[in-house]
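Dropping the structures in below, format is structure tokens.
Two complexes follow with chain A in common, the first pairing it with chain B and the second with chain C.
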Partner chain A sequence: MTVIHPNMADENAKIRARDVCVYYGDKKAIDDVSIDISPNYVTAFIGPSGCGKSTFLRCFNRMNDTIGAAKVTGLIELDGEDIHGSRMDVVQLRARVGMVFQKPNPFPKSIYENIAYGPKIHGLAEKKADLDVVVERSLTRAGLWDEVKDRLEDSGTALSGGQQQRLCIARAIAVDPEVILMDEPASALDPIATAKIEELIDDLSGRYAIVIVTHSMQQAARVSQRTAFFHLGKMVEYGPTSEIFTNPIEERTKDYITGRYG
Partner chain B sequence: MAEHTVKAFDEDITRLRGLIAEMGGLAEVAIAESLDALVRGDEALADQVVARDKRMDALEIEVDKLAVRIIALRAPMADDLREVIAALKIAGVLERIGDYSKNIAKRTGMIEGRSRFEPLTLLPAMGELAGEMVHDVLTAYAARDPDLAREVIATDVKVDGFYNSIFRNLVSYMVENPSTISSAAQLLFVARNIERIGDHATNVAEMVHFAATGAYPPEGDR
Partner chain C sequence: MSPITLILIALGLGLLGWLAGRAKAWSFQSSDPAQRPTSRPIYHAWYVALWVVIPVLLFVIAWGALAPQLVLQSVLAAPAAESLPAFGFERDAFIGEARAVALGQAPGVFNAEAEPLIAPFREAYARYNSIGIIVTVLIALAGGALAFMRLRPQFGARTRVERTVMMILLLASLVAILTTLGIFASLVFETVRFFGMVSPIDFLLGTKWGPDTMASPDAVDPSRYGALPLFWGTIFIGAIIAMIVAIPLGLMSAIYLTQYADPRVRTWIKPLLELLAGVPTVVYGYFAALTLAPMIRDAAVAVGISGASTESALAAGIVMGVMIIPFVSSMADDSMAAVPSAMRDGSLAMGATKSETIRRVLFPAALPGIVAGIMLAVSRAIGETMIVVMAASPAANLTLNPLEPMSTVTVQIVKLLTGEQSTDHPATLSAFALGFVLFMVTLVLNFIALRVVKRFREAYE
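Moving on, here comes the complex of A and B:
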């Protein structure tokens, strides 16, 4: 049973998932989850470790394809288009649905190349001048431009952890995605770097649909407008963040967010 | 309610509830004793009521500090958060109720010719009703009982009824015999204070309802 608060269905949903199940071999990691992800909001997935929230997030750009034993059933649409359909190019899908991971993973190349690589292989920009524009715009949107504009040829891995994470966000933005998936994007960062990432998420929302998985409930409360609580592979409750954190309907949600779980 | 994984969190909440309960107990006693002192002209008792109000003020400060600490250190959510916010506001209201009682006690020496005033027999009954509201609303708080909170809210009209009848009564005394004006005016303030105590108990009831359910009582109740 999933409790969904009123007005959560969205006709213009960016991502629409229906009856999604994910199996790792025999084990059912996600059990019959349906959700609408709105383009205009930051959506947070919360829940205890192993609840399936990351697994579910990874369905949205078919990252589970890379795991041999994983099987996904049910329907997932991006702008009404089945992402498992025969006409869907998975490389294209991952450009439209970008991803940022827990540990910053810049390419071992220059800062400039980290950003320019995606647009180049996707043919979004060919001339150096066009690429320069994309690099500056992406780094600016990621709040990193002022810090790195004089050292674009330095290696991306030479940056601090927080800067590397913003570099990865800039890299995701560079290919002009529609959705950005973030899996614990700030859990390896100190509070200041975390605050910068959260501020960035705030800036980017509205321009991109953002889905964030986080263990920090405070972070979910701070950055998201929609929150889904997962437990044992099921989506227990989905509603406006302000409601989930002040007046959740489900007992299990309440126990989890008030620190009574388990 | 299930316990928190972090035990110290439960201890903080229990302590907060204990402080509110203590304030509630003091408020009840203050209402009863201030009226007792007033009616019997017992200035020693009145002084006690005034002196004991200091404890009330100290408790309110303690609640404030503890609530801020819980919010800062424990980051309470959902019903925990509502509970802490409600406690913060309830403490302020109870402190105010204490002030009204103190104010009643201070008028003890200002009443002349006690035997002439019929309202003096009505005021303790009115005070008892307001005291019951305070008592019941704290029971509702302790039990997180929104239904009892709504019953408290419904009682307030009776306190208002008392006030209106005492008001008319005192005015007629003043009209008939101007020498009673000074004492009657004092009693008018007393009645007004008790009426305010009823209103404040109603406010607490609304907060108890909010803490327990996440919603304020329906408009018709208020």
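Moving on, here comes the complex of A and C:
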């Protein structure tokens, strides 16, 4: 049973999921979840470990396809278009729906090449000059330009953990996605780097629809305007972040928010 | 008295020392935590045992070198030795016969002059054998007693045993290094002798190869020792034709197996592919000589190439390439599988296709392992002998035409060092020079590969 707060349905939803179930072999990891993700907000998925929030997030860019045993049922639409439909090219889908992972995973290439990777494979910038513009713009938006502009040829893996994660965000931005999925983007970082990432999420919201999975409730409260609480593969409650944290309807949500379990 | 007996005695005493050390250490057990021994009894036991066995082993090694000399000297000092010829072949023969009889290795002497030496030999062996045993036991007891006396509750037997273990491991790794150095030294020695007869320039740059093992060793004809056709044949067959076959097939099968194949398919195909590495090279040789070479000849004739031979470099090279596919593919497979899946996911999530991800991310990250696999394969191919012996040819040709017979360095080494030979003849020595060049080439190849890998690798740590 899912509680959805009033006015959460969105005609212009960027992503619309209906009755989505995910199976790993025989195990049901996500049980019948329906949600509308609005383009102008940061949406946070919270819940205890193993509740399926990351699995659900990975449905939006079909990253679950890369896991052989995973099977997704139900309907997921991006701008009204079925992402599992025959006319949807998964490569194009992932260019439109970018992703940032839990552990920073820059490619073992130069900082410049890390950013240029996406534009190159998608043919967004053919000339070196165009590519330079994209690299500078992406790094600037990710708040990393001033730190790395003199060392663009250094390896991306030589950066600190927080810088690596912002590099990964810049890499995702470089292909101009419509949605950015973030899977616990700060969980491997120290508090200062975490603060920078949260600031960055704030800066980016409005320009991109952002969905963030986090196990830190403070983080969800700080960066998001919409929050969905997951438990045991089900979405328990979905509503405005302020409502979820101050005035949850469901007993389980209240228990989790107040730290009774999780 | 063989060294084995001495070692067995030492091991027996070592066991006693072990038991004694443990028994003494048990008495150190105390209920007071402050008085608790720093090492468990087993370490005290090993400490004593090592002090018994290691000095004895060192003694046995030294004694093994020394004892025969001492025996010989005491025999020569005997009155019976005075009748021996002063120098030369006969003297050595008599001494050898007498020794063999004294040791029970021969039923009797052939030369009557050796007869009187048997008794002194027997005597000397008996004497030095007893000395060997007595010294062994004394050393073992002394070492054991010394170690036993040092055992105290607070004695750090554990760290000392640890240090000994480290030394033993170090020795083990030195064996491999010293063997390599020894091989290298023996090659250098013989090669220098060869280059005293034939100049290195004639050898390395000459284009005609045909050492005559029957010619007089004093009148060397350097123009017959031009090894260039052999080096070319080796590189052409092993490093060019074989690699043209092995690198693409090996890499593509590795990519298929790691990235595309269903796990069930993979569990079948991978072992089958690696089975290729287990086929004896002589069987590949049959295949090359009896099946592939005639096919290539017929095909060449059919398209109008008249001079094609049944002993072609192409047949040998292709079969060699197939043989080394597993070297390339399994190293490439392992190193691509070792690239963290976060790299792959990162690229896929950017909207890269599978093949773009492999080409731009996985492949560069796995490059060191892939290059290492290729280098290993090249070394194997260059050193491979059997296939070329059977399918290529003993005749050394300097040609670019893969359909002609060619010979390689290893084939010539086999040819020169089998059958009748004289160790002083330049033809025999030239085999060592060939081996030396082969050794250097593989060394340089490995060195270059290491540098290349270091420079271009994309480390993902």
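Basically, the second predicted complex is superposed on the first by the 261 of 262 C-alpha atoms of A that agree within 3 Å, B and C clash if a C-alpha of one lies under 4 Å from a C-alpha of the other, contacts with A are read in each partner's own complex, and residues count from 1 in each chain.
Throughout what follows, a residue touches a chain if its C-beta (ideal position, glycine included) is under 8 Å from a C-beta of that chain, and two chains touch if they have at least 3 such contacts.
Only a predicted model underlies this, so the values are computations on that prediction, with no experimental measurement involved.
> Applying the document's definition of touch, where does A:Thr246 land relative to chain B and chain C: first, second, both, or neither?
First partner only.
> Classify the contacts of A:Ser155 with the two partner chains as first (chain B alone), second (chain C alone), both, or neither.
In the superposed model, A:Ser155 contacts chain C only, not chain B.
> Going by the contact rule set out at the top, does A:Asp255 touch chain B (first), chain C (second), both, or neither?
Touch status of A:Asp255: first partner only.
> Based on the superposed arrangement, let me know which partner A:Ser86 touches: chain B (first), chain C (second), both, or neither?
It touches nothing on chain B or chain C.
> Which partner, chain B or chain C, touches the larger number of chain A residues?
Of chain B and chain C, the partner in contact with more residues of chain A is C.
> Applying the document's definition of touch, where does A:Ser49 land relative to chain B and chain C: first, second, both, or neither?
So A:Ser49 meets neither chain B nor chain C here.
> Just chain B (first), just chain C (second), both, or neither: which does A:Thr66 touch?
second
> Classify the contacts of A:Asn7 with the two partner chains as first (chain B alone), second (chain C alone), both, or neither.
It touches nothing on chain B or chain C.
> Quick check: in the complex, which residue numbers of chain C touch chain A?
On the chain C side, the touching residues are 263, 340, 342-353, 356, 360-361, 364-365, 458-461.
> Touching residues of chain A toward chain B in the complex: what are they?
Touch list, chain A to chain B: 217-218, 221, 245-248, 254-255, 257-262.
> In their shared complex, at which residues does chain B touch chain A?
So the residues of chain B touching chain A come out as 1-6, 9, 74-82, 214-215.
> In the complex formed with chain C, which residues of chain A make contact?
Against chain C, chain A makes touches at 61, 63, 66, 68, 91-95, 98-99, 101, 103, 105-109, 117-118, 121-122, 155, 157, 168, 171-172, 175.
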